[in-house]
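Okay, got some structures for you below.
Here subunit A shows up in two complexes: once beside subunit B, once beside subunit C.
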Partner chain A sequence: MGPLIPQDIISGDLNFFFALIIGIAFGFILEQAGFSSSRKLAGVFYGYDFVVLKVFFTAAVTAAIGLFFLKYLGWVDFNFLYVNPLYLWSALIGGIVMGFGFILGGFCPGTSLGAAVIGKIDAWFFIAGMFLGVFIFGIFYPVFEPLHTGYFLGNPFIYDTLGLSQQWFLFLLIFMALAAFAVTQLIEDNSTRFKELLYTQKLSVRYPLLFAFILSIIILFLPNQRHSYANEMSRNDLAAAILSNERYVPVEKVVHSLVHDVRDLHLVDVRPVAEFNTFHLPGAVSVPLENILEKTSEDNLTGTGKTTVLYANSSDKADMAWFFVTREGFKNIYVMEDGLNKMYNFLFSTPDTLVNNNNNMTPEEKFVQNARKWFREGSVQSAVKASMPAPSAAPAKAVKGGC
Partner chain B sequence: MKNNQLFNSTLIFFLFIIFALLFSAITHKVKGYSVANKEVLNTLQGPYTLSYYDFYLLYKDTANDFTIVDLRTPEAFSKENLKKSVNIPFEKLFDKESLSKLKDLKESKLLVGNHQNETSLAYLYLTSAGLTDIKVLPGSFDILYNNIVKATNPSYFFYNEEKAQWDFPRQMGGENAKSTGPAPALPQQVEMKTPVKGGC
Partner chain C sequence: METKVKNEVKPYMNPYLAGFLLGIVLLITFFITGRGLGASGAIKSTVITVVGKASPATAESNHFFAEYLKGSPLKSWLVFEVIGMLLGGFLSGFLSNRLTLRVDKGPGIKIRTRLIFAVLGGMLFGIGSQLGRGCTSGAALSGMAVFSTAGFLTMMGIFGTGYVIAYFFRKLWL
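Showing the complex of A and B:
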């Protein structure tokens, strides 16, 4: 269900429920479009009826325009979209096999089910053939495997490959669709077979075409995409926050909180996971800088009821992490000033004092000595070795699609 | 009437988009960024810093195209500065004039300042505001000036404040540290499902 399940707006448990509803709707629309007739479907290959091309092209263009604007308005996160990976050989050979099957059988898999439901016998045979094919493919999969997984190209986008902007690509796609509609209309008008069949009433397309044209022009001349979302801090506020230096928590406070077990600070380690595993402050959680904006990091940044303090080896990385989360709209995130390097300096730069001299120590010295003892006591091993699963950059849940 | 069906559905689709655009245009508060937060974060994947070694090679030859943006105070700048550098104090960096001044610079910009974290924040801010071709010189002006420009000390060629300067676990990983505080929360594991491919 689009962006709703990956973003936990709807529970993923309802996935199959929505799949059922959408599937029924899809089948109904296919049937209504006349796609349960193999003559109509095969017509696109014999050149007398192009309704298949029109329906699927319309669907693609409608979805493309809708998604484009939803993304533009910041309502849909493109990272959640599932993009079918491109295996070149399976795409080419599968496409050819599918095309021949389409011409010979007069159905494509989805429409065959639609036709079977309304009782067409040829569709039942088609489905039987489909299952036979799936069965053969499954049994002999080792033979097909190099073909099936060969020449993997990742998830390329056409507009990236062509070096076009998304806007221009969409514009060209709309125009290609409109041109295809016009050409096929001409062919249909001249086809005697089409007139014999008379499946379709001729529709007036003047206004829909006008709308499509206006939309394509809007797409082309949209101002720069708005990247800001509701909670995002404005640039001027962010500049003021950078200059105010209110975000810094001195190392002494963190040490005090740890040694005296105050538990008022929620420590977040923004260094890479490897460094976190070697050493981290007691009770700290790991959110590497490159994952700081991911949805899964959100719980580790807020909602603990404590003051969140970011730290790294110096202020540098922690400040950068602070920049991103503050701009994103998180409030009350702090930075441990000058990081672990400073903390180490603070704790271990003075010589150890003998216990006998305890009385001559200033309170500051005493504090440092206590903290030093607290940190050092026990084994030399790092505090807690956490086996960190490497956070994957893959989107949380991919949205699966298909027509 | 079938005519009306086609007309109505396209009209609804069309009007929905127009209204959504208008709605967002009216209710939208301008935040003033030209690059998304995530994209700024992604720029950190590339080499956004210039190591002192690369700087050393670049700085030797005046024919190279670069401008050093010095973020220190004007007083410090007037005392000692690098060639081909402009002074934009960190406090004034966020003004409109500074931004337009930086936007006019055609050469690649190298940021250097009082502290590395300041320089990095300046980089992030300027990248968010739409500037490109910026690099951060790690450390501070003093370290750069004393160890690379005035006298070249190769041990500073790959200096970075963010490096761990000490062996932390040796002194700080004691038993006490182990016993306090909750166990570190593990980041949520990302669920990897075998993608199901659909088709018609």
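Showing the complex of A and C:
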């Protein structure tokens, strides 16, 4: 559903109208919170007023929780969101320079605007300085350019960078924010300076903060997230992919790959586990159709470095599985055409006697003969045999049983 | 300049409530526009427009000002948003009786010192927000809300530096 404008759900012409309304709300809240006072803002660094930390973290965590749930419910497609690009050193050095600017100037850009319009003269000078700074940056851009556009690392998410799940990260973020609130409140209460700056509405926030803590635990234990929603295929692309037959891999290719131990295929058996246990193709992994969209199945679908081929007894179930995962955005997934039934027919429909006569055999017949032998006896190469997952039912017989 | 009429001036909003409301505004902004909030971008648009108008040659030779040639930077989302911020800030100050001409400064420094450092700080923020591709709002706050590594990194840069150097500039504020 969201975001609305990037997906043309509402007209881009309304964009500027929303910008104005959102700006009014933003400016109003910043001024109400006391961000129009440089002394209150600077207090966060000197321990007498932590309004910056409280407002900033509460806002960031609130929005992060909100986006997390909107994504979880499928209401916001992260694919359309602006995720800040990471130019490593530019981002870090820019932050450090802004840190100096904060201590020296007592404002940040957003806060200086609200301060300026209510008559804070220091904010006017700060804003003049900002214009000057951007101008200097522009004039000397050739000097800054290598830093500004260098060390580009894509648009990574912080939880991926840290190697955590999004849920764990959000839990820790909320936990850290609450801990920071508790510690800074203690410091603020014990500070004797500038008490007049803390002229703030009295309001108990015990229950909202408790709620945030409970929410963080709920987030941690949420059932499997709708993964890769952001990569979801568009309707048109999906329709085109379904109508094309490019997903089908002929049985012959699979047989060839197995018999000659090419190991270029990653075979995924989407039949129920019981059928998989009775018989499966050598090297295949079991991902039953009903589990195909679980997060744990992801590693079996992608990142194996091989071509993933789904199979079942016929094409039907494998097609269904293919449809699910393709819709979710997985690429390069194939289906063994007509499944194990076709493979069985291919291998064993001709009588043995015909192919026993070696001299008259065509290459195709020879191939079938060798494959048949391989399936009957198990692999001639011990390496393949070793890679065959247990249980090792007699393949030929089991193929029949599986059909 | 430091006179206050305390009976009339309303107290500031509870910071957690303000933060929650700000977070909701930020969330709505993401839901509608796909982008977060910002402030420094409008300054950039203005500077680029002024330079582009004054000296088109500069805009042609310099990659930073070249953005001027791509269209009208002043008709950007952030410029309208910042106009809204000015209106909203004024409205809030008006309703809370905080409209007064004054300079906020630490007790130990002269007004002139405060204003010089305000310009310096603004200048550094101007430069830093270009490198950081956004300021405390656009890079740090909005960046954190979408879980972007860049947002967290810039946020840590800003506040980490602030704490490291605060001691050396304590005379400005304490």
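Here, the second predicted complex is superposed on the first by the 215 of 403 C-alpha atoms of A that agree within 3 Å, B and C clash if a C-alpha of one lies under 4 Å from a C-alpha of the other, contacts with A are read in each partner's own complex, and residues count from 1 in each chain.
Simple rule for what comes next: a residue touches a chain if its C-beta (ideal position, glycine included) is under 8 Å from a C-beta of that chain, and two chains touch if they have at least 3 such contacts.
As the structure is a computational prediction, the values presented were derived from the model and not from experiment.
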item: Which superposed partner A:348 touches (first subunit B, second subunit C, both, neither); value: first
item: Partner chain in contact with A:110 - subunit B first, subunit C second, else both or neither; value: both
item: Which of subunit B and subunit C A:60 touches, first, second, both or neither; value: second
item: Contacts of A:336 with subunit B and subunit C, given as first, second, both or neither; value: neither
item: Partner with the higher number of touched subunit A residues, subunit C or subunit B; value: C
item: Contacts of A:270 with subunit B and subunit C, given as first, second, both or neither; value: neither
item: First, second, both or neither for A:255, with subunit B first and subunit C second; value: neither
item: First (subunit B), second (subunit C), both or neither touched by A:285; value: first
item: Which superposed partner A:178 touches (first subunit B, second subunit C, both, neither); value: neither
item: Partner chain in contact with A:309 - subunit B first, subunit C second, else both or neither; value: neither
item: Set of subunit A residues, in rising order, touched by both subunit B and subunit C; value: 62, 66, 82, 84-85, 98, 108-111, 201, 203, 205, 208
item: Residues of subunit B touching subunit A in the complex; value: 2-3, 6-7, 10-11, 13-14, 17, 20-21, 24, 28-41, 44-45, 90-91, 94, 115-117, 120-121, 124-125, 128-129, 138, 161-166, 168-178, 180-193, 195-200
item: Of subunit C, residues touching subunit A in the complex; value: 6, 9, 11-40, 43-44, 46-48, 51, 62-65, 75, 77-94, 96, 98-106, 114-115, 117-137, 139-166, 169-170, 172-174
item: In the complex with subunit B, residue positions of subunit A that touch it; value: 62, 65-66, 69, 73-74, 82, 84-85, 98, 108-111, 201, 203-205, 207-208, 211-212, 214-215, 218, 224, 226-228, 232-236, 238-240, 242-243, 258, 261, 263, 275, 278-287, 289-293, 296-297, 299-300, 312-320, 323-324, 327-328, 340-341, 343-344, 347-348, 372, 374-384, 386, 388-389, 391-392, 394, 396-398, 400-403
